[in-house]
Amino acid sequence: MADPKFFQKSKEFTLDQISKITKITLPKDINTKKIFNDIAPLDSADKNKISFLNNKNYINQFKISKAGACFLKKDFLNLAPKNMIPLITENPYHSFALVANAFYPSKDITAGVHPKAHIETSVNYDDTVQIAPGVIVSSDVTIGSNCFIGANSVILSGVTIGDNTIIGPNCTIAYSIIGSNVKIHNGVRIGQDGFGFAENQNVRIKMPQLGRVIIEDDVEIGANTTIDRGTNPDTIIGRGSKLDNLVQIGHNVVIGKNCILVSQSGVSGSTVLGDNVIIGGQSGIAGHIKIGNNVKIAAKSGIMKNIKNNEVVGGIPSVPIKDWHRQTITLKNLIKKK
Amino acid sequence: MADPKFFQKSKEFTLDQISKITKITLPKDINTKKIFNDIAPLDSADKNKISFLNNKNYINQFKISKAGACFLKKDFLNLAPKNMIPLITENPYHSFALVANAFYPSKDITAGVHPKAHIETSVNYDDTVQIAPGVIVSSDVTIGSNCFIGANSVILSGVTIGDNTIIGPNCTIAYSIIGSNVKIHNGVRIGQDGFGFAENQNVRIKMPQLGRVIIEDDVEIGANTTIDRGTNPDTIIGRGSKLDNLVQIGHNVVIGKNCILVSQSGVSGSTVLGDNVIIGGQSGIAGHIKIGNNVKIAAKSGIMKNIKNNEVVGGIPSVPIKDWHRQTITLKNLIKKK
Amino acid sequence: MADPKFFQKSKEFTLDQISKITKITLPKDINTKKIFNDIAPLDSADKNKISFLNNKNYINQFKISKAGACFLKKDFLNLAPKNMIPLITENPYHSFALVANAFYPSKDITAGVHPKAHIETSVNYDDTVQIAPGVIVSSDVTIGSNCFIGANSVILSGVTIGDNTIIGPNCTIAYSIIGSNVKIHNGVRIGQDGFGFAENQNVRIKMPQLGRVIIEDDVEIGANTTIDRGTNPDTIIGRGSKLDNLVQIGHNVVIGKNCILVSQSGVSGSTVLGDNVIIGGQSGIAGHIKIGNNVKIAAKSGIMKNIKNNEVVGGIPSVPIKDWHRQTITLKNLIKKK
């Protein structure tokens, strides 16, 4: 059970309500008014809890689980224990997430600007926002409805933020247009100068960075991640993309929609990613290249040239993933021969 | 000598006092009241300074050092210069560190809450703590005795902190139980959401992250490091473990006791490390695997499967360290043949 | 055109003025009073804009560009379109950067200490500095003329800062001597303890870190980068060096002049870099080694031993760059044979 010191469960749900939340058709001949009071994993759930089976590895736990109801794929229906109500779905983990979000919603925003926040008079916002103590909001910022800005964060001049966006504590946001339903975690830096210099005999002067950062709707950005603003045009993070902690995004990078960048990965300046790209942890992508749609990049890879749509790559420099595995095996065999 | 603008030496010590601090038996027939006024390296020490010899590479410096006393192993005793008092120990660097800490103790805490800190009324603490200006402490936080919280740090609701713990400036701590004698450096982020989503046709919803972060006693966490809270159960950093700067710890990770994670290394979600594990810089460990006790991982390695107790590994993907060296040599030889 | 919400153009310039800014000799028989009102890329420039040609890849754009004037190398003069005024220079990108900085100068500092900053009485500064709200400056700090310190940054006791230095929001600076014309981006951590411990039977005590960080003039440090102070002596970043985001610099490291460290690279403790060293993104350098002048290190490399002046290396562990390319090709060929 979640520690009640940190997590407040909202309430209980009937099977009917759960059916509506997940758009799942309930089995016939059950009591649709039966009440469930929490979510739980298969091995600790009791008859008042809802669980899920997503993975063959947990079938033994599933067979003896005491969970009152369980999301599962049709294929496993005949293995369900006698007293469990089966909730058939194509995507049990996704259904479970929907119910988990219902039981543990994001904390309600206690609207209002804390008296220890500092908001310039030209800032545009309504009384649905919550701004924590120590926040600094500079001139000409626009903040949408139901936004939350965490303690000691700094929002610099001209930034625009959409609705329902959450910015954690200790962040810095500058030169940016931030969408709606965006979640920016603690310590994120968005919109600082890109790393662009003009060099003359080893001495470098800064090239002015005259672009912005555009964060589209539904994006999530992990703790202490850094996103530089464009030289002009802009650095763009596409709708629905999720960046993990300590990720680096260089100036003028364009990230497509629904991409995943796992922690400590980096994308160098002016590189363009398609949609649905998945980048493993600690991978790096060179500058000025193009990564196609649906590309998957293994952890710790180094990408130095364009990658076509739908390719799966790994290694430094990267090769098709099967070739990378073959190289690894070949090297292992080579030292055996010696 | 340390810059007195930044470092205040506490006082002087007699050989008797140094013997007590280090639990070293003094040589016979020496003046145990002799006073030492500082520590110094072999090459700049004078007769009033204490030095150490930890490494054969410094034997030439040692033979002509003017240090008044020196920690060394028994084996080097016959090479000591005439006027140096030899302080025999199995671990000269550790003995030197004990004395260095005596000469340069952590700054005394000037107890009290700065009037420009913001502490909610429900926070539990006594008058031995020091809280710097700009700190924000949310509701229901408990802070132990003699803790220090640096300027502009943010401690969110429900966090518990043990005794004698130091949190640097500009940190964010949320959903966490922090032990005693813990040192958290500047800009650390602890307790934010893990990177967990349920995906349906490339669109992702957040899985609520209902666990906490447990930081056990005597842990040190480097600047700008990020530690996500568990999904439920918790993310745990075991007693005495030391994390360097810019390290990433995913949700549900368990780090054993006395582990070392060098800078820019990362551990992915749900992976479990045993005790005394050493992870080199920029290494990455995949999620959902198990690393045994006393494992050593070379810098820049990629660990993709379980590692047994006491193994030493390197490479991407990692292999036993000797095999990695052989692979490296084999590759070098292959290109010579061409 | 740069978004006027974020970027204010200063004014217009005549060709005469541009000639003075760039030290370029104008062609004969042109109207040196002709006015230019902005910079622009070749493909969107009109007759009132100045552009540049730095790269053969843009020759087709160049031939049909409507730019009123363009920086270019002598070799391309005969390809210039009829109405373009050619501005001949050995380094078109550098000349363009000079003019770009003239059109878009760093924002003027609105001098003064914000009433919501907290400055200890012993701090030394004049009325040309600007200190934003939420900044905390501890005792005995010295701040030079025309410095800017961004919101919620923390400057700890004894730090000295030269003239014209810019420190972004949410930074922490401790135990440091910072030069003039330095730019420190958002969330940077400078001067915290190095990662130095004395170990005894797996238990570690901290070795006091009694050195400082010296940042020389004209250095730039990227967002969320971390620089540990020395054990004694100091950690040093040499004049004109540029560090990107999320870079890690260990204790006692010495970086020479005019070095470039691309994002997510790291240098371990006590390593010394010469001048003009370029380190690619996500590269790591082991501790206690020496890197010569003018060394270039490919992205994602691992450097484990000394590198001589002028070498170019890549790979993990690194080898001369040509050998690394050969190894890569050899591996590709090996798996084809199978």
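A, B and C label the chains in the order they appear, each numbered from 1.
Please note the rule applied: a residue touches a chain if its C-beta (ideal position, glycine included) is under 8 Å from a C-beta of that chain, and two chains touch if they have at least 3 such contacts.
If you're wondering where the values come from, they're calculated on a predicted model, not measured in any experiment.
If you sketch which chains touch which, every chain touches every other chain without exception. Because chain A and chain C carry the same sequence, their contact can be compared by residue number, and under half of the numbers here are used by both. Chain A and chain C have Cα centroids separated by 30 Å.
Shown for chain C are the residues in touch with two or more other chains, namely 134, 152, 170, 187, 224, 246, 264, 282, 316, 331, 334.
Of all residues in chain B, only 2-3, 5-7, 91, 93-94, 96-98, 100-101, 103-104, 116, 132-134, 150-152, 168-170, 183, 185-187, 220, 222-224, 240, 242, 244-246, 258, 260, 262-264, 275-276, 281-282, 299-300, 316, 328, 331-332, 334-335, 338 touch chain C in the complex they form. Residues 118, 134, 136, 138, 140, 152-154, 156-158, 170-172, 174-175, 187, 189, 192-193, 195, 197-200, 202-208, 210-212, 224, 226, 228, 232, 246, 248, 250, 264, 266, 268, 282, 284, 286, 302, 304, 316-317, 319, 323, 326-327, 330-331, 334 of chain A are the ones touching chain C in the complex.
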